[in-house]
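Beneath this line is the structure, given in structure tokens, with notes to follow.
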Amino acid sequence: AGWWGSNPSSDKNTLNYAMPTDIQTLDISKATDQYSNLVLGNTESNLLRVNAKGEPAPDLAKSYQVSDDGLTYTVELRSGLKWSDGSKLTAQDVVYSWQRMVNPKTASQYASLASGVLNADDIMAGKKDVSELGVSASGNTITFKLDHAMPQFKYLLAFANFAPQKQAYVSKEGDKYGTTSEKQIYSGAYKFEGWNGTNGKFKMVKNDNYWDAKNVKTKTVNWQVVKNADTALKLYKQGKIDRVSISNSPEMYSANKNNKDVKSTAVAAATYLEYNQANNAFLKNEKIRQALNLATNRTELASQATGGSRDAAQSLVSKGLTKTTTGEDLSAYVKPGYTYDKKKAQELFKQGLAEVNQGKMKVTIETDADAVISKNTVDYIKQAWESTFGSDIEVTEKIVPFKQRLKDSQAGDFDIVVTNWNGDYQDGSTFYDLFASKDAGYNQGRFTNDAYFAAVKKAETTDATNASARQDDFKDAEKALMEEANINPLYSWKASSLVRSNVKGVVESPVGLTLDLTYAHRK
Amino acid sequence: MARYILKRLLILVLTLWIVVTATFFLMQILPGTPYNNPKLTASAIEQLNATYGLDKPVIVQYFDYIVNLLHGDMGTSFQYQNQSVSMLIGQRLPISAQLGVQALIVGVLIGLWFGAVSARHQNEKLDGFLGVISTLGISTPSFILAIVLLFIFGYQLDWLPVSGWGDSFSQTILPTLALAVGPAAITTRFVRSEMIEVLHSDYIQLARAKGIGEGQVIKRHAYRNSMIPILTLIGPMTANLLTGSTLVENIFSVPGIGQQFVSSIPTKDYPVIMGTTIIYALMLMVMILITDILTAIVDPRVRLD
Amino acid sequence: MQAPILQVKNLSVSFQTYAGVVQAIRGVDFDLKKGETLAIVGESGSGKSVTTKTLLGLNAPNASVKKESQILLGQDNLASYMEKDWDQVRGAKIAMVFQDPMTSLDPTMTIGKQIAEPMEKHLGMSSKESEKAALTLMKDVGIPDAEKHINDYPHQWSGGMRQRAVIAIALAAEPDILIADEPTTALDVTIQAQIINVIKAQQKKRDMSVIFITHDLGVVANVADRVAVMYAGKIVEKGTVNEIFYNPKHPYTWGLLSSMPTTSTALGSLHAIPGTPPDLLYPPKGDAFANRNDYALDIDHEKQPPFFKVSDTHEAATWLLDERAPKVEPPMEIQKRQAYWRENFVKEG
Amino acid sequence: MQNPAAKKQVAIKNVTLTFNKGKKNENKALDNVSFDIYEGETFGLVGESGSGKTTLGRSVLKLYEPDSGSITFDGQEITRMKRKELGDFRRKAQMIFQDPQASLNGRLTVSNILGEGLDEAGYPKDKEKRRKKILELLEMVGLNEDHASRYPHEFSGGQKQRIGIARALAVKPKFVIADEPISALDVSVQAQVVNLLAQLQKDHGLTYLFIAHDLAMVKYLSDRIGVLHWGKLVEIGTADQVYHHALHPYTKSLLSAVPEPDPVKEKAHHVTSYDPSFEKDGQDRQMVEVESGHFVLATPSEAEKYKEKQNEWQ
Amino acid sequence: MEASQEFTLVGIKNEAATEKINKPTLTFWQSVWHRLKKNKLAVVSLYFLVAIAIFALGSTAVLSQSDANQFNTNTGAKYKSLPPKSGLPIPFWDGTGTVLGSADKVDVYEQNDVKQNFLLGTDNLGRSLGKRVTVGLRISLFVALAATAIDLIFGVSYGLISGWFGGWVDTIMQRIIEVISAIPTLVVVTLLAMLFGSGIGSIILAIALTNWVSMARQVRNQTLTLKERDFVLAAKTLGGSGPKIAVKHLVPNMAGTIIVQVMMTIPAAIMFEAVLSAINLGVKAPTASLGTLIADSQSMLQYYPYQILIPATILVLVSLAFILLGDGLRDAFDPKMLDE
């Protein structure tokens, strides 16, 4: 190391980071990918900001109140807020951003997140005007009116896509809005600079107009796009970047997991198999599904196929998403007891096959081709099941591009599909709502499980404002899910990274803004 | 000459139109929507389709596309929201072009040198050695070579930077090398056989009979005659470079057009796919046209008509 | 008598090929005097080209010249020359005109430059001088409007014109010897006549010696002072042009002369040499011509004949000239020619 | 020499043929050519390279389509032949090619090459019969059984040419076009082939269109000779008429350029040069019969001059 | 008296001998083989390819495709990524390697308590790399040969038709070729592969559809020259029909061109299969081809280089052999050296 420049890992004023893909847009309403959101999250501020404890705390907001029925949120802005160009940041900017998000003309792919705010769905469908959205400003106060209680709503107030936008600026830039770092103004701790729309080197520079600028210690955060994970690792080892993910491949994880800089954080993501219970005769059979679940050795899977870079699943909800009222990890609290039992699996499978009476079970398992791990996973499952059930089963792998998998899943055009679900906020419902009913958008296997549906419904309605009752509802839901073997949870994600030990104050979250550098600095 | 070029340009435009049409309709058959978000609902997709005009009949979309294309507008990327395809390509093309041109120049120069040496030492050890080397160069796909170079010079020896573009010239060395080996190998083989043929020709015999010395014979007569046909190779080599660069750019994280093409395939970002295809086809055809014109300029026998 | 300017003694050349060793030239002797034209005739593959290319050291890389071969140009033995020595000879002392004018010129260089090249090299001319000299030379070999065409490229010219250009190149450095290897075979008879005239005129003007290779006896009759007849890598008969045409001694020469119809040959009376030439990969042990020779003696099939002297200037390699050999009647056509010989030449001599 | 009662085998009338018509490199290879070939004769065709000899020969065999004019064979117009008639015609008219190397498919053995002709002639497939027939053909051209299983590249030029002749003879043709059959051959074997052609004509009553560069050979072999220049026939006559009493300046120049293997004559030889520019003076020229059977391309006034000259000789 | 007997006139002793050919008869293929033999590299390549072919074919009897996908799902990481072990003390082939995360060289087999020796090691799921490479080679060769066969049939027919008919038929057919070759092959191949979905069939089709162009071009050019050759005219004057002449005269005389072209197409197809795999359009997992083996182990380069270097080397060697053989054949078929 050191051949190509000095070691930057000791400069107190700067931090250096890398991201694995290009940024796609700086349009606040349109950003969908993790890294555009990462940039926006660090350069734009929202009403709230998730703190190190995982709780939304006031940022642009001075304070906020929730009505008892959970249907009205009232937020008061700090005074004297400014955009990076020096202009005033007002409550109207917040309202505009929400309106812009749901405006069909904007064509935001994330518009549905606002669903639940009064009239949002109708506006998105073009039935009502944006001005009728349940978000309004008066003076320094913004009022949100909801259709129904949404325990997760406070997280939306911290969500990058809802950060304030200045209408005058947006309309001035028109088509060019958010296409380069020059075509955006910033309300966060940093201003974004040096991005021309496609390049891979840019930086965040301290925003002196940020309300809390005096507590922002870092002057510059340098960023570069490094697509090759091995390259990024090398850059870390050369001291050129301060953080690098090692979960990219099982080998990379194994090779570095003992490094003293390793830091693992939860990721609100889980991988599970969906069984198509609508049109596959075998998978309609509960015994067969149970047998398949029992034949899945999740610990071995996590170790062999992911090399330990993922944790074996114990429930649908991912590990580390959020805590229960007693401070326990939700996933540990709700776990229904998935096990590996080869004998019982074989037994159940025999019975199931007899019930179906269509001879050998031929089944296709579909996944997308994005990562080595996905491929390893289906290879493992195929081998595991075939070695458990012998010639009674024939598993075919179908590895398709991401888009194709999405389409097949949504159209129900699959037997078994490997689904990776990334939660949107730190609440169990981000997982349980997936299968809220037989026709719920993400119940792609189209299963019916009345006990489960009832439990989830209860959590969203009766118990919406009662946290401890809700977590018990979730526990019931998990149990119902396991009993009927509607899905097969495989593993829960975690992000393992090497992190420069002299960098302090970074806030990492399992969802949303995964890396918050607002108060990050080098010691 | 002017008429010829005009005629060729007309054919070029016609071919381009067929290419555009073919890819456009091919795109329509491909599965999936161009939106990236798994969280989109069916109604939201409908909404989006309406916004992007994807709900119109295909034929109307096609004509819209052609009309826009004639105005130099290749549409807006789905993946890079709001970014116009022309801008995306405009920013990335120079990078790929630099890489491609560097590789082509390095490759062709090496090839000319090796080929000439090989031909002059025909059937000697050196010739055999260069022959094996160049064959090896042809039989190694550039992405495998890229991986090997990366492994040796990047990871093991730590001599050269392993990724990126635009910070230092040293970053361009490995990707250029990975791409240059193909052209170098092809040129070597071609120059060798061409030169051997020329050295056996009657006019070289006559030149030798003049007594101007073997060096002069080679310099004044053999070189030029065996170099001219190399021009015809540039077209196909450009095509190979385009293919190779997509993967090589990916491996070395070069933010070029090839990398973008590869990433636009799984996301079905078809404005980008189409734009890239058009640009590729255009570059290829222009390259062939240029080499044809160059050939006519340097070779007195060739007349354009 | 004048000493010859070139003497070839016992020249043997063989080629290494995939199939084996081809003994293309098997002991050739001849000499060339100043200002004379020696014609070499013989059928395809008999070694005419190899012989002359050897004189310029231009043989293919797979050729090897036997050690005892001698090519004496003045005092120098060219047969022992190394590659670098040849440059003094080529173009300057011996120059060559090749058979096919369509392919003999560099297609990418102007004709003027190609003519000027040997002048610059051997006569030390500047490029200006050489251009002027090239122009003069072009006029000499009968290129009309030379000024207009000096910067033309070869493809713009017809075959006859190109052959003139090739001749101009050969003459450029004022060589002592000009070798013309079938310079007219690829051309029409009318153009052939013109080219022959050009060569003859230039030879006279420059007092050059010419080796003229052809397989057309008509051309030989026109250009030659002396003639060497080759067969299967050897010279079988040599003599002055009249001796060869009117008093030939070798049955192969007989065959050649009588297989060409003249305007008066009646249908059905044309003599044909039977069979095909030998394969030089497997040279026969006796006379190579024996198994096509109606006049072959038993010994011809066993032993190669030596040269027998007919006159000071005339030799032939055939056992028929041995005193032990039976008298034979040559073909009718030859008898006619010999009659003409006796009438017109013997008396004078 | 010419027997007026003899039957016309081939009649060529006003044939014009243009290559690459309408393109930049348009080339009028034949321009209003007319002449007849009588049964049993040898018609010699001479002219410089590119004058259209090959084109003419191939047109007669229906390998090229003329733009205008007619070619009849045995009274039948060949351009209008139907499939079956064409099959018959193919068997009656055959060709011998200039380059013996190129005219034989190097991938076939001699017996296969000859067999192809037999197939087309509908010869029975019986193996033994076929072998005998092939042997017969080989012997006809002076080759033997040994050669039947060999490939063309193993033969010398003269032998190859004789194989080509045997192939043509396999279908028992009546009319043979020999397109420079000897110009690629060595002097010593040219006579073999020429003698063979003469012999075959005698034995089988063949009619020849003999195309050659070598005027001496043409004279030796032909009954009548036509001289072609730039796609136009400039002179036709018996061999003697054309040779000894050439009238057209082109014919004269051509004859004067032919070298003779006779040093005394040759050294005194004078070549007449020919200025072709008058051919392009725009005047209309027709074939004029200056003497029985002797035609020259001329304007009426030129014709008068030619006739005068003709009379002088007589 | 002996001497006078020698001088008796005997003429041509043996009539037949005048036309006798001394050389032994060599068929076209014999003479090609004869010349090919002079090119050592080509001969070595030929033997190598024959060996590879025998190996690939022979292995089908003992090793099925699914055998190569087998591994034990319940042994944790025990069999994962074992280095090649020959059982002999050969460096780099003795089962020693570093365990990820440490720098020491150890006998990984011993450490993991593995009794079996894997000649080429195992992959990241613990599957035998030897088996996977064997099957991969088989599949890659199959893909290449099948694609080339389609190519051959289609390209040759296309070229023959275009060249033989000439005129406007030729013009149109050539324009089509021009359009196709104006689109870079990668674009065509990816679009096609996306259209057909991944899998052996579609890869074969995608490769074949892009590669036939150069075959068609070559065949057309050959047809154009050959159809003017005298022996074709001779066949015409004998009354042969178009297709008959094509089969009997044209194709055999193009054999050299076609074979050389095939020798170039096969490695191109093998490489394209690999390129397709590298962008996830390769054969269906878990089936291995050389391409997927290379693509899938790209991330392994730093950790277990043998996993990518072994299939890559085999791919390069096979391509190399085909190209060298092609070179040899081209010289062996050289018309300048043939027929004389």
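Note that the chains are named A, B, C, D and E in the order they appear, and that numbering of residues resets to 1 at the start of each chain.
Note that in this section a residue touches a chain if its C-beta (ideal position, glycine included) is under 8 Å from a C-beta of that chain, and two chains touch if they have at least 3 such contacts.
Just so you know, these numbers come straight off a predicted model, no measurement behind them.
Listed here as common contacts of chain B and chain D: C, E. Relative to chain D, the chain whose mean Cα position lies farthest away is A.
Relative to chain C, the most remote chain by averaged C-alpha coordinates is A. Interface comparison, B-C versus C-D: the higher count of C-beta contacts falls to C-D. Work out the mean CA point of chain B and of chain E, and you get 24 Å between them.
Chain geometry summary: the mean Cα position of chain A and that of chain B are 39 Å apart. Work out the mean CA point of chain A and of chain E, and you get 48 Å between them. Measuring from the averaged C-alpha position of chain A to that of chain D gives a distance of 90 Å.
Chain contacts: chain C has residues 274, 276 touching two or more partner chains.
Those residues of chain A in touch with two or more other chains are numbered 230, 369, 401. In chain D, the residues that reach two or more other chains under the touch definition are 159.
Here the touching chains pair up as A-B, A-E, B-C, B-E, C-D, C-E, D-E. Within the complex formed with chain C, the chain D residues making contact are 48-49, 156-159, 186-192, 194-195, 198, 213, 215-217, 219-221, 243-244, 253-254, 256-267, 269, 271, 273-274. Partner chain B is touched in their complex by these residues of chain A: 1, 3-4, 22, 24-25, 27, 30-33, 104-105, 107, 109-113, 124-126, 175-179, 196-201, 224-228, 230-231, 234, 369-370, 401-404, 406-407, 410, 424, 441. Interface residues of chain B, counted against chain A in their complex, comprise 31-33, 35-44, 47-48, 50-52, 79-83, 87-88, 91-92, 154-155, 158-159, 161-168, 170, 250-253, 255, 259-260, 265-268. The residues of chain A lying in touch with chain E in their complex are 229-230, 248-252, 254-258, 297, 300, 303-305, 307, 369, 372, 375-376, 378-380, 382-384, 387, 396-401. On the side of chain B, the complex with chain C involves touching residues 201-203, 205-214, 216, 220-221, 224-225, 228, 298-301.
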